[in-house]
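Have a look at these structures, which come just after this line.
After this come two complexes, each holding chain A, first together with chain B and then together with chain C.
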Partner chain A sequence: MNRLSRILWASTRRANHNGRSQRRTALEGDKFLVPDEPYNSKIDDSLLSKMPSIDSKLIANLERLSLVRFDSEQAVANLRNAIKVAKRLELVDTEGLEPMYTVWEDQECPTFDDIEEEPLPIEEVFRNAPVRFDDFFVTPPGNVPLESNERFDLNVINEWDTIGKPVAPQAKSTRLVEGKEK
Partner chain B sequence: MHRIESAIEKAVKFRSHGIFISETFELARRQARDAIEKGLNPFPVAVKDCFLTSTSTTCASQMLENYTPPMNATVVDRIVAKGGCIIGKTNLDEFCMGTSSALGHFGPVKSALSEATSDDWLIPGGSSGGSAVAVQTGIADLAVGSDTGGSTRNPAAFNGVFGFKPTYGVLSRSGLIPLVNSLDSPSIFATSAESCWKYLEMLSGIDAADSTSVNLPEIEGIKSIEGLKVGIPAEYNNECLSDDAWKLWNHAANILERQKAQIIPISLPTTKYSLACYSVLSAADIASNMARYDSVAYGHRSKMENSTYEMYASSRSESLNTVVRKRIFAGNYMLMKQYRELYLEKALKVRRKISNEIRDAFKKVDIIITPTATGTAPKYSELRDTLFTKEDDDDYFTQAANLAGIPAISVPIGKGCNGLPIGVQLMANKLQDKTLCNIAQLLYSRVL
Partner chain C sequence: MWRRGFATVSQHQQKARYKPVIGLEVHVQLNTKTKLFSRCPTTDSSPNRRVLPFDMATPGTLPSLNSQCIHRALKMARLLNCHVSEWSRFDRKHYFYADMPAGYQITQNHHPIAKNGNFGFWVFDEHLDVPYWKEVQILQLQLEQDSGKTIHLPSTSSEEGPKSLIDYNRAGCALIEIVTSPCFETAIEAIRFVQTLRLLIIHHNLSNGELHKGHLRVDANVSLEKDTVPGTRTEIKNMNSIRTIHTAINFEIARQFEILNSNGTVQKETRAADQDGRTVSMREKDDVDTDYRFIVEPNLPKLRIKEEWLKKAEEEMKSAGKADFEYLRDVIGFDPRSSIHIAEDPDLLAFVKRCIRLRDSSVSAEEILYWMKQLKTTMQRSKCNYPPQSEFFALQFMTLLNLVRQRRLTHLRVLDLLRYYSTSSEGESEEAMTLEDVTEFVTKHKLWRIEDPREIERLVEDLMRKNEKLVEKARNGNSKSFNRLRNLINEATEKRIDMEELCEVMKRFLDQKSI
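For the complex of A and B:
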């Protein structure tokens, strides 16, 4: 770039700045080495295919798979939002690319030598068990499917972006693990 | 011994900042005596509470409130063998999910850079917030963190210290409670890049207990910036980047250029999808990794004992926070037969694309320089009022290094106009960890 155009470029930048453009200003004495026009990293969600609607069958199925319960419409709406974020990947051309599962794809993976190890002492094994009977872990009766009641307003969930009333999670009070207040 | 006692004193002094979940002062004193006996120089260490130690290990969750592991993580054993004395286990985002260290079961970590009240405080970043503050306050010479999408570099930037995520596999994951197995890297906080490298040498080396661990090749490193090719990716100047962070990023490039580095504009166009890619990959692994918490052999157990499934679901619903539960649901959704290919396979291909772009960039440049975060640390009230969405804006800058497995370090480069620290991130090619630390140190030595 010749000197004249450099001066022009610098003054355009200043004008833009004054004109509330988003262009940047450098520290005194610094050149512009980093691009100063912001890159738009936001993804236009209107380009995505239609969001599948969430029904009570899906909610029940996910609760059984996850062995966790949704505690509110917002919790289900959060899932909906995670699906929306995932759908943005539709916009990436991945033709001809193989999935990448790991960083070290060409690395040899050594296996363990078949050497007997000292097992944990039985008291160590049970040290963290909440319920113990003799040398057994204890669970309640099995083969009973998890109950999942219909209890949410599906309309609120599927229209969350317009009618939802999100509540922020709250921080707890600070304490040490022994329960001592700090 | 004096250094250990002074570390303990500081830890007590900063208790109200929630840096530690458990304090292990007696253990540290014993380790110091052992170190001296072996002719080693004892130094204070803080370990993120997602690494197993044979003292309490909670991952900041009610699920593991009463859990004591039967073993130490490999990195913990290695530090202690070199004279490290563990002052305590540091506070974090529950199961490492988040960049605020605010919502854990044992309360928030509050930055020590400003006065904190019970209602509001300066965010230390996360998820390794406690480890970053332990180094910033001078409690620990070395703090061990973990970094899956930026969990070490982000809090390092917010607290004005160095945060170094090595090449994937260089530090053993054995004994690190997993978040996303193919992205997780044990990581290092210290007050210089030189120390980061020194500690990496102490802790690295192949580990039979981690099949993904690798040896660092002996490389010479570098002593001068002259002739270095420095890549600047246009996509990192996005609409979320603050003016202060832009100025200091540009300033870091200027410092390197004055030392006769060659500045080369580059493009990493798939960066804008790294957040979506990361969110799918992490959710899928989280759903699997969290499946181990069934409250039978260990973990919080509910009083609801009608059936086994009922007990599982109630225990997990009672003890895992909303962020963790959200990701379990998302992961199980992405793993369902009809969606697996659509989302998980797709995300793995996008990961390849992001990784290839970075690989190709390193054919043209030796190092890539970017901001570490959008700007300075936010206040808790700011995050809460935006429903924690600002966390995603900061993740944008750090996730790509995890997806590609390359080493990355956050260097404290200066302060914003509010007086709070700002970091720049340097990234190098796989296994170039030493070169990366050398350059970070050379850059930092020229910062006024």
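For the complex of A and C:
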């Protein structure tokens, strides 16, 4: 069924656009700059510096910084993979170059004169606030330290590279999730 | 007793091996009309009434920079003799607090607006014989955003946990952070620095400078160096009174000394000062590896300092002249302690300024101070408010100072006149309205000092004759009787004879066998 629909879709595309995909450019007749096929990197990953091993302290630290909870070994392994891709930038020769932070380095910092503007009406201020107490926003108490018990099988995460599978295997042992047995 | 003395000495020797090393971070809230990156007013108001979309980090809003904040930062740089960088840049410092709605603070970490300065001030204290001049190094001066305010509510019931109430009025207000090198050795040095800096900041209209309102917030890094080996430092956060800064630093020095002296280790941590100035450990323990994830603020291009901005700041600083405490100290000749003390009290300053305006240049600062002290005691005894507010009193005060200086009035007579004038010249009572000038008053009541020695001798002789019993006792060496006799003559002559002169004449008479 699935296969059938795909064939159908492909044939419609061909019919409508003479074999070209449904992409459009801003102006009729412009060249497409994004290739049809994914480009396979020619970077030799063996030249990259060694991946740091991920321990539970690092996981806890990353979770605290990002405010995102990893939900499985797979999630951590994905991050690991992303770091590896980013590491390719190490191979670019930047010797003696000032790093740029914007492509328009010469622009002036915009300034304004010290003249007041009407502040937002109070209803506007609270328009998106789910909880309001008098004229205050209400939030949970800040900076509750995250507990960092051993939730993941670190071997699974760290060996993923050497296993070389596209998807990290699930840990076999029973995991503790948020302090409760799953 | 002996043992206790011995223990103190040995602890003293121990203490001498440790040298306190203190560095300060001073956050100065600028008194601009609008916030650092938005044109939202900064006036006082009820919660969340001073908020623009950028201040609550509404997606899609962008910062632009308040030119008045740049101007004030440049003036501050000049005040602290800093090197102004040709360009500076803003960074994001990430925190996750509800009172920092963007999840980061825009600050200047790597390329601050100014750096490498120095600042000199006098250090004085009751325990110091003479004040000394101290210069501190200023590491950097950066513009940054303030956070909002949080009120912590404890848990009210079992279903409802603790929560925080957030007010964004202060969020995004402009701060200048001044970072000093760790070059203070005592808490006294630290507070004198803050006091002097505060007066200058107010003088140059950079901030309203009220500590209790949080316009000036001070963090202190404290560690103990043992035999020139640096120690672990702790940071005391957000102190907002001079007294707290002083006590908290001293408390922290003592606490660290106790730990080190009993072979413990000082934890690197952030501490807060409680009401009494004790320092207490604050929130998370994992301070050591706090990662602020500094990145360059992508929404603000480099800030290039224009030549005309520097010139304008320079000119304004020049035309503002000396601050009041500097004027009192350098022009009038007040000592460093008194000049700061007077400048910190608006009423006292107003009184001193009035006096100085009326001053005959021969009257010295010491004389003014001496008589101010006398006046204070007198007024406090008669339960009046010191210092007196009226122009009229200041004039009488200075006239009296001149008259006592020229020896036209006696010391005791001036004290009486001060009491009379200070208690009756204030307010709008009928008495105050009809008071005459002190010179007239003295002439009218014939209170001038008796200058003629023969007249003094005549008066003393006369009065001694009338009190032969006392004279007899005094002649036999009874000092009480002598004093009684002296006071008696003093009262009888309406304190018009100089005390020293009177004693001298009395002694001369007593030495003669008979009168």
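Following the convention adopted for this analysis, the second predicted complex is superposed on the first by the 114 of 182 C-alpha atoms of A that agree within 3 Å, B and C clash if a C-alpha of one lies under 4 Å from a C-alpha of the other, contacts with A are read in each partner's own complex, and residues count from 1 in each chain.
To be clear about the criterion, contacts are C-beta pairs under 8 Å (C-beta built on N, C-alpha and C of every residue); 3 or more make two chains touch, one makes a residue touch a chain.
Here the structure is a predicted model, which is why all the values come from computation and not from measurement.
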{"item": "Touched partner set for A:N40, first chain B, second chain C, both or neither", "value": "first"}
{"item": "First, second, both or neither for A:L79, with chain B first and chain C second", "value": "first"}
{"item": "Touched partner set for A:D114, first chain B, second chain C, both or neither", "value": "second"}
{"item": "Superposition-derived comparison: chain B or chain C, residues of chain A touched", "value": "B"}
{"item": "Touched partner set for A:L89, first chain B, second chain C, both or neither", "value": "first"}
{"item": "Which of chain B and chain C A:D71 touches, first, second, both or neither", "value": "first"}
{"item": "Partner chain(s) touched by A:F133 [first = chain B, second = chain C, both, neither]", "value": "second"}
{"item": "Footprint overlap on chain A, where chain B in one structure and chain C in the other make contact", "value": "61, 65, 67, 101-102, 104, 107, 109-110, 112, 120, 125, 137-142, 145"}
{"item": "Chain C-touching residues of chain A, taken from the complex the two chains share", "value": "61, 65, 67, 101-102, 104-105, 107-117, 119-120, 122, 125-126, 133-143, 145"}
{"item": "Complex interface listing, chain C residues touching chain A", "value": "32-34, 38-41, 46-53, 56, 64-70, 89, 94, 96-98, 150-152, 161-168, 283-284, 286, 289, 291, 293, 296, 298, 300-304"}
{"item": "Residue ranges of chain A touching chain B (in the complex, touch as defined)", "value": "22, 24-27, 29-43, 61-71, 75, 78-79, 82-83, 85-86, 88-92, 94, 97-104, 107, 109-110, 112, 120, 124-125, 127-131, 137-142, 144-147, 166, 168-178, 182"}
{"item": "Interface residues, chain B side, partner chain A - complex", "value": "15-16, 18, 20-23, 56, 58, 65-68, 70, 102-108, 110, 118, 168-169, 182, 208, 211-212, 214, 232, 234-241, 243, 246-251, 253-254, 257, 263, 265, 270-273, 275-277, 279-280, 283, 287, 291, 294-301, 305-314, 316-317, 320-323, 325-330, 332-334, 336, 343, 345-353, 355-356, 380, 384-385, 387-388, 396, 404-405, 430"}
